[in-house]
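Each of the next two complexes has chain A plus one other chain: chain B in the first, chain C in the second.
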Partner chain A sequence: MNSIIKGCGYILVHTPDMVVHNGTTQTTERIVNPDGDYLKALPSHLRTYEQALHYAPNQTYIGNMTPDDLAEMAQPFYDKPVENAARVGEFGEIMPEGEFYLLMQAADVFDLVHLDKDFVAATKPAFAANNEVITEDIVARIKEGDELSHIEHLVNDEHAEGLYLDDKLVGCVARAHDIDVNLTAHIMHENLVSKASSILALLYAVRNAGIDKSEIEYVIDCSEEAVGDMNQRGGGNLAKSAAEIAGLSGASGSDLRAFCAAPTHALIEAASLVKAGTYKCVAVTAGGSTAKLGMNGKDHVKKGTPILEDMVGGFSIIISENDGVNPEINLDMVGRHTVGTGSSPQAVISSLVTDPLDRHGMKILDIDKYSPEMQNPDITKPAGAGDVPLANYKMIGALAAKRGEMTPKDLGNFVAQHGLTGWAPTQGHIPSGVPYVGFAKKDILAGKIKNAMIIGKGSLFLGRMTNLFDGVSFVIQGNTGKDEANSGVSEEEVKSLIAQALRDFASSLMAE
Partner chain B sequence: MDLENQKRVKDLAEEYGPENIVVLLGASEAEASGLAAETVTAGDPTFAGPLTGVSLGLKVYHVCEPEVKAEFDEGVYDEQVSMMEMVLDVDEICNEMQSIREQYCKY
Partner chain C sequence: MSILNGKKVIIIGDRDGIPGPAIEECAKTAGADVVYSSTECFV
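Right after this comes the complex of A and B.
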């Protein structure tokens, strides 16, 4: 019995001040070129919350627009604000930076997040307003706040990482240890942002799945941060830490790391755990990355576009036992880039796309939608990285042409029919295959498509442990029913049919 | 070009002599190919890496250029590169690479 996709949460946080203070492009520039033109020009390129809210890719990420709506729009998107934009969508929400600082405090259990008391008083009502998701127990974790002078002291004299709103100091994250480099204020800030955004995604996923929080038995965090101290730098369990604050009292959990490929690895593991009967309900979750904010900012400033990498992203997908309704993850059709696969794009795409299909006698065109790296082209094109999803679709299409499934002339049609326009922020693991899972669930339930392939890829060389590439893929399909025994042909029957066919063939040869 | 890669190219050129080095690129766009080629010939145009102001003038080619393709075993090329050949704008990449070589290549 295949596991099913019970519900998905997709959230964004608009964080322009974190772009300036925490994105590595900016922090590096402050060290190597502090008086340079880029840092001077940067503030005038930052978007307001309203601009980020009305941005079509962001509305698509939270489910207020569909990928089809987005594909119909002319690019670039940033100069075409959408009407009817809303903060909360079908999958999640776009949280403003100030409220997110409150969520960071709610996520903090070591008194590291300090907030100015006037700022707390001004922001708390809006934070608590969405009580369907931000429940009372979470709001109750917000403290009254400190005097601003105390926060200034922590930032100026105690190495705390400032939290800014409209370039004004409103809080800070204190260091968690005086000398441990893995517990510095910078790292605690990075980890708390990841944790808080993961919590928000988990809360929406639970809401959207329509289940009770207590039903989740296991949480897998697949973000890109390392949690630990100097004796165990990547010690982990951001998963269980987030589950605690999200109120998933019946859950245990663990972290899975595999760069951008991690979400797809995690979904395959979650689906396997459920299919094996180990757990009935598993949440895969990831918060976002502050380091990647404004990563391509220099190119955006140079090309005169806004800083479009001002969103921290998060997602959470709940996998549960087959309910006879929701789309399934087909674990018999898992693609793997192995140690021996090689790193040429052709080898990578073959291992992830055609190998699993071949095993099932399926063709590339038999999959209705492919979801590879779903980066928003508005962000990557000005940075010289092109349209990443489009490049993936061209590669998959070219492979189909090479295999004789279509002609090279059909490539354009293939991209339009089997592809998607990217809408995800360039937060590493966040755009990697998973942004479409929510829409795939909807589209399969609506009968719009019959299946979709989710492809996660990762660049392992960044950690300097291997030059190997990485990737995994799986197929989501319509529900084949709770009881596998009644759904189609068993392996035994297939074997007996093949044996019969071979016997017939042999006897026909003998007859000749 | 990645700062670490710039450092590796610089170190290799020092160790083996710039005249003995060929840099082979696999970038997916003409602009990105041109930037990488410029980095290992004229120097880092983004002024960020170890090749800032260092004009190595190395021989640099894209894997889809005919001169390079001719060096490959046909079967290997078909298995490893032919799919990308269908996808990339090979002419645009070749023009960009040639232009960079004409301007900055010393060998």
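Right after this comes the complex of A and C.
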């Protein structure tokens, strides 16, 4: 039987100070153009937490709005704050930056995160308030705090990475080694942010799945960070590290890396492990990326918009044995961009969309919703990258027209019916196909749609090891578990049939 | 005559638009000398 989607967690963290201090666009600018206009203008374009909270794409990401609600809004979204915004949604929450620093300390097991004691005292009550998710064992990991002078010393004299709130120093991440370039404060900060946001997503996924933490047997981290020292850069295992703090005591785990395509690869792997019977319950998880904060900030400042890339994202999806209810992952319909596929957009979409459909005699229009790259167009349009989901839908629709499934005139309707408006932050792997999995689960259970295709794509060439593109896809469909169970013949039924046949035979002999 | 014929060309492709290798193939058939080609990602 196919594996099913048991529960999903989607979280965001509003991190305006990390935009300034940790995003690579800004750190690069500080090196090459420290007195330039961009860095001067940047602070006035940063959003407050309230502005980020009331931002429609963010409310959609945590499940307080639906993709349909978002599609009905006129773009841009940033100047249209939503009224009924809330911090916690059906899928997860939007955590403020200060509380997240406490979560980073909870995630740290090497005494690297140091926080100002007055800041800790002021922030801890709010951090501990959501005790359904932030449990006592996590709160207990928060230390009393240090004198600010000690933190200033670590930042000024010991190469620590500062943690800022409203541009004021409130803590730091210390380096983990004196000379190892893979354990610098900068890298430890990046990895701890990824780990802490993954932990938060895991906690919400467990809550939403309605399972006990001990039921998760395996965790796959599919983020984009490399954890390891100078002898094993990228050695991992961020998955098991996050599982430890999240309290998943029965879990092992490993990391899977494939740039932005990694979440889709990981979900296929998780579904396969469960279907094979290797594990009963697997969590796929990823925290966010500090490097990409403010990535397109120069264009946003130039166009007079707020810095919209101020959110660290995270997600976690729990895959389990078929429960006869929840939507399942159809592993017979996996699309693959292979080494020989080529890099043209048409070749990429054919390999990911039409090849798996053709193998099953299905048409493009037989899939109710496609979830390719779900980047928020508010972010990408001012930066000149256009509306990325829309570009994907146009290519899929063009292929449908080329195959004679519809006419080119139907393209608009195809996009409206089979497409979605993007809502995810440009955090690389975070927007890649997976933001819709939570909604797909809901919509299939509600009978709103019958299936959805999740498409993950990755830019392997960024690592300078190959010029190849990458991508995989799979289909989520309504549960067929019970049907499959009925279609097979159990051992008991075979015994019963043989017994009945023998009784009939004996009766016929006696009659003779 | 192609405007690219005999010209040295630097190509920056877009991962969500037209990738570098695809532009490179077109430019080469138009007679260009491709001195650098890459694909970048902005999302």
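FYI, the second predicted complex is superposed on the first by the 483 of 512 C-alpha atoms of A that agree within 3 Å, B and C clash if a C-alpha of one lies under 4 Å from a C-alpha of the other, contacts with A are read in each partner's own complex, and residues count from 1 in each chain.
Keep in mind that, in the parts below, a contact is a pair of C-beta atoms (placed from the backbone, for glycine too) under 8 Å apart; a residue touches a chain by one contact, two chains touch by 3 or more.
As the structure is a prediction and not an experimental result, all values here were calculated from the model.
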Overlay on chain A: chain C relative to chain B, clash or fit: clash
Touched partner set for A:Q375, first chain B, second chain C, both or neither: second
Which of chain B and chain C A:P345 touches, first, second, both or neither: both
Contacts of A:S459 with chain B and chain C, given as first, second, both or neither: second
Chain B versus chain C as contact partner of A:S508, first or second or both or neither: neither
First, second, both or neither for A:K394, with chain B first and chain C second: first
Which superposed partner A:T407 touches (first chain B, second chain C, both, neither): neither
Partner chain in contact with A:A385 - chain B first, chain C second, else both or neither: both
Chain A positions touched by chain B in one structure and by chain C in the second: 344-345, 384-386, 391
For the chain B and chain A complex, residues of the former touching the latter: 28-29, 31-32, 35, 46, 48, 79-84, 86-87
In the complex, chain A residues that touch chain B: 32, 298, 342, 344-347, 349, 384-386, 391, 394-395, 398-399, 401-402, 408, 411
Chain C-facing residues of chain A, complex: 260, 295-296, 343-345, 373, 375, 380, 383-386, 388, 391, 426, 428, 431, 459, 461-462, 467, 469
Touching residues (chain side chain C, partner chain A) in the complex: 14-22, 38-43
